[in-house]
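Scrolling down, you'll hit the structures one after another.
Paired with chain B in one complex and with chain C in the other, chain A is shared by the two complexes that follow.
Then we have the complex of A and B:
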């Protein structure tokens, strides 16, 4: 980013920076808008611009604590490790999933499964960080998570809606997420206390007129100050304030009472279901990334009872979400993902639980860019190891980015260091891509 | 495996190219004399390059701008109205030097410098009380940088002043990679984990020994159960190479200097006993404090890094990082990329400043004084001559985002009733007041982002300013201790607008700004206090208060 970046500072980078600077210098003499447009161009590659035109979005259903692959996407009925549940045929020939997911079985044509994740980290903190960023921690670097990457790659700089919204469910899912070196500009709007984001509602102590008038006065002072000063700190400050009214208006997106009774009934009464409905409202309004965390999958005891309850919620809410997105013509632009920090052990412990397990587990990818009905990779008959098509967290991330039309090999530059969007050596899983 | 090898090779390449460039350090006679004032030498080299590039730099910043910049850079806050008006009114021909010396001697300076160093050195774990206490003690007495380095790496646990310094190592003791990389980056300007993803054509020229050599200095360091820093008696770093298979790392410094460990024959029983001791230390609350090993690799690292024939990384990095604190970029930039492929923008200047720093015992305050007295430092941030020249030329001042603490402190100062400030000639009371402010600002500072590379203001910040009740309660209330409370006692619009501008922006309003505020007051005449509150909000939420310019 700095002119001193010599490693991967490609020629275009230099050109677009100069373009930005001169245009901004011109812009300050007249309109400020010219500045912001150029800033946008500077920040995003031409390819990312193309993607934005297509309005791709992502909803990540984060299964906090680690869902069992056996009771979801990779059942092993009749095996010692299989547990009590049966496998059922899905709408995709040859693909069977757990009987706890009957609604998704009927909708398998929308969804691809990856059954061969080996992510090697069975610790909640480390696993979460790995599956949030698609790579292991590195000294000296704070990596952005998937939401922040998508906010940057898919968002619009002057967007009237948030770029990245993260919905809480309960303590276990309450990892805020991080925009890392991309900075707070791409940090999630995190709903930690209730269903409405913080600071989007005007205080009762100020009238709407005063609220608007003082903002106009602030803009005037800001423009006066920005004259003859080229700085993307000042530019981003103005941009942030210009987005305020739009974000305040987006409060209604979080209000599901604006939906019909019938629609709310489709998603069901659970908090997770309601948050899925909010997620649909958000992506419909143009929010590029929404994370809905569903907690309590960490079933060290009573794994089967836990999954009977949680899978019912997941199966129902996810199906309703996919149906709704499809009916609105949004599914082909919206990628719906389910995974958490890891899967669960083949061994069933004395408390009828399954423990942390990262060596052979599953994720699902539905909608945008996916080859629906595809099932990639195999675990051995008891699910202890990956038998075929081993995939890393980086491979999963490369697949996600490719599905969204984002080049996984694209690089950011941090200091002098080039950082590819998906981890070094990772490759998209072509078999699940459309 | 492939990944591991690539990491090492490229890291090595960096080490080694650094080495090539830094050994060519010119201490030639053609540098300006040793006794030349720092500020003159800075201007001489920066201006020479501007001449070569045929660029006329921006004019010098005006008085109010310079005062504001100096206050933020040296005191960590905007000036008070009294300070701003006194400086504007002064006709002394040496008022700038007087101001700089006053600020450097003020209680503000060590507090601010403490905050800067805390952010730099412990960014991953800010606000550690012990470490901040140490840093304040060190900055209050202008402790030399080499002594601080020694305190932080091998300080004495039982020394009241030094024990906090060890937090630097302790907080990283469980992550050998972080400890190695952060030490190399922060003290020597070399990021060893960098270039992880690049196969550089030169990379194959170099060996892995350098990379693991640095790690070897730290590999015996561990923390006891009681959180005391300790070093094992023995321990080797082994690594795999493509060509030669497994190798043992030597204690190899960046300059190529190696430290040899005296050979001591150990029996199996002795080695087993060492293991037992470490085990006890790390598991037992009641274990006695660890014994110092006969050979301490960390101590050796400090020794080699500071000795005259090998101190070029350490000394240059100190100059470069202080320079970057004031100019937002290093003479070598990025600051952790000191190597031959990343030449300094002003190599002779870096050489001269490095020589000067070493000759004056790593006196950071002296270097800082020289930097802020230079014409290079005091240019305007406005550029009207077309395309903006490269930042490496220092033709125009860079707009810098305030750090969270600078911003929080400045908000408090801007929003307080300006007549309540103590006069500058009450230094004793000011110390107390400033420390109180520092504490008040803490909570607010946590709400803002620490600016990093390519920093952009987040929309959350704008939403916070716009709709959070705490902003209204803290900064916009009309009680007698706040700016709004003072402004409402002024019946004359012009005087009121002047007072608001001096408080927040440390200057008089320009004609168009005054007109805009007057118009606002007229339009909102129905409730003057409400109108004043909105005016103050608009000033506080403007970019002018958000940045140093």
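Then we have the complex of A and C:
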């Protein structure tokens, strides 16, 4: 671990973003030979660009179960499908969102909306898989999800913090995420039961010195074994051990009591708000991808009451997160996303609910690389279909990658098969990019 | 005394609507219904006409769902909406008379005092407000309902009703809390709680559903029926049994618990008969129902499905006809005693 590259988690010892980045660059350079995944970067002499790219972070607010676009980003007041809520003017001229999101309306200069997703899969499992990976399932390939992609593209091999953290506390629709063919190195640190990772503490029966000595011995033996051998597996195995102490020390990052009472109050009392605060602490410490799942939006009954509750939670927590990131100078480097597996039907069912709907729905993208205030695409007046600018899951992923400075057309090679980072045929939505 | 017979319940008419009807008031001694709907409008329809057709009221109306309507006089209706406004209407002209910005958040229900002089409105600002029905003046406002649920989410104030003697107003909220107030002073005189009507899911879905959707006093004002739905396992749906709890509210005791074994969903509205013998409730999930319960035993006298989720109903003067409004439909139910058939003529003895 490079001295200075790790934020201990306390408010008093917060490392500035710039301090963190310079330390990160030094640390990365110092151990680069061990990073098998980064050799391409050396070959292409794009070191400076790579460092710049590594400045980027992502927080995905996963709206599990499928939030209604009508009650969030694409209101249709006065239409038969529109529901009871008004549309309110946002800080971006000409852009209106639901009155259930007043705090986000005031922060629309930070946020772009895509209103024209047609993802064609209204099933929870299939829709989730599609929106996690940006492409349809392929029987022959297990694709990595967005978190794993970002962990690989934005993370550092010597990182003292996890590359991909996923928080999903509710049980409904819980999905761990997958690193697919990228392997276990990019799998998420998955927190489901508690907000603090389990099993990362050093056993009380082993002293810290003993623990370090054991690691040094293991390292010595591993290096001897690796001499004259070339294997990705050996490198990966060794690297996993190198990361252990950092992951152990990352526990404090999840402890929001390290924050001031005033800061905790800004995020509010809900679990989702607290998890958003954890997400900020994680990206501040250098974690490239954090997913916070907010379940469960599947409002087949009482859609309006459900959204009155959940939108209040989303609006407050997301606004607090964006403000906090901005005040710390992190927002321009952190992309905050909201979407789930699909949206909800224009039709209002007899239980005053809305059902699954993937033909015309919305996502939001805030901060890093985005043209804040932009609103792309249009649905027809009742929201049944996309009227302009139809976008696929792949297009959304290409846009996310482009915003992060990652070439969506970059390819991984799986066996002899080239796999582009975003799905074949997908394109970034330039209109929402800065 | 009424001559109705709940066991003879049958639907006699079903009328399709392009919108969802949330509330209804009936012009006395007629089949004329005034209903508020999801198209932000107030409509009139004569359901006893051969081919009933809804006619929308004119003029500057509401800007959201119309969720409450009452008649203060046979020609004056007052409507309330999610837009927070109350609008007074001339029924014959179908035009607005007065608009009042009444609440900061969504108005959920209105009630009118038995003498027609006072209107009560409840909204998600958690306030109950009493209005002079003639002048539109705010008389008083009160609340015993917390704006935030115990689980840190916005609460909702769904239900309001007057006692038949007009002395009391009851209000009911999302978490199952009921407050009873003296109409003339605004003094809180009692509270009761029906927490079973509120489901908070702390683990699977981490939000809530339910709440008190209906309140009704018994004819002697001693009992208060509280309606909604029971504890729900999967809160994506209204999958619990429709539920009514009856309280002796002055004693603070629940005296009956009526769990509908046949129909699920919300009890959206209920009314005691003038003799206090039965209680009619209606509501639903994706379907609807009308159910009659014996007040003394709590047992179901008779019930049947409705062709839609019912949001509210009106009864006629004889308490033998129910006009229900709901999801894209109006339905008329009758429960009249069978008219005895005229005595058959005694056949002439066969010729021998």
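Basically, the second predicted complex is superposed on the first by the 380 of 434 C-alpha atoms of A that agree within 3 Å, B and C clash if a C-alpha of one lies under 4 Å from a C-alpha of the other, contacts with A are read in each partner's own complex, and residues count from 1 in each chain.
The definition used in the following text is that a residue touches a chain if its C-beta (ideal position, glycine included) is under 8 Å from a C-beta of that chain, and two chains touch if they have at least 3 such contacts.
None of these values were measured; they are calculated from a predicted model.
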After aligning the two structures on chain A, examine chain B and chain C and state clash or fit. fit
So, does A:301 touch the first partner chain B, the second partner chain C, both, or neither? second
So, does A:91 touch the first partner chain B, the second partner chain C, both, or neither? neither
Partner chain in contact with A:268 - chain B first, chain C second, else both or neither: second
Under the stated touch criterion, which partner chain does A:138 make contact with: chain B (first), chain C (second), both, or neither? first
Touching A:183 in the superposition: chain B (first), chain C (second), both, neither? first
Among the partners chain B and chain C, which is in contact with a greater number of residues of chain A? B
Quote the smallest CA-to-CA distance from chain B to chain C in the superposed model, rounded to whole Å. 26
Complex interface listing, chain C residues touching chain A: 18-20, 38-40, 63-65, 82-83, 106, 124, 152-154, 156, 174, 203-209, 211, 235-239, 265, 284-288, 308-309, 326-327
Counting only contacts in the complex, chain A reaches chain B at residues 1-8, 18, 21-22, 25, 138-141, 162, 181, 183-185, 187, 189, 198-203, 205-206, 210-211, 213-215, 217-218, 220-222, 224-234, 236-241, 243-244, 247-248, 411, 414-420, 424-425
Residues of chain B that touch chain A when the two form their complex: 2-3, 6, 175, 177-178, 180-182, 185, 191, 193-198, 329, 333-334, 336-337, 341-342, 345, 381-384, 386-388, 390-392, 398-401, 449, 451-464, 466-469, 472, 510, 512-513, 516-517, 520, 523-524, 530, 534-535, 537-539, 541-544, 546-547, 549
Touching chain C in the complex, chain A uses residues 65, 77-78, 80, 84-86, 169-172, 268-272, 294-296, 298-302, 305-306, 308-310, 312-313, 348-353
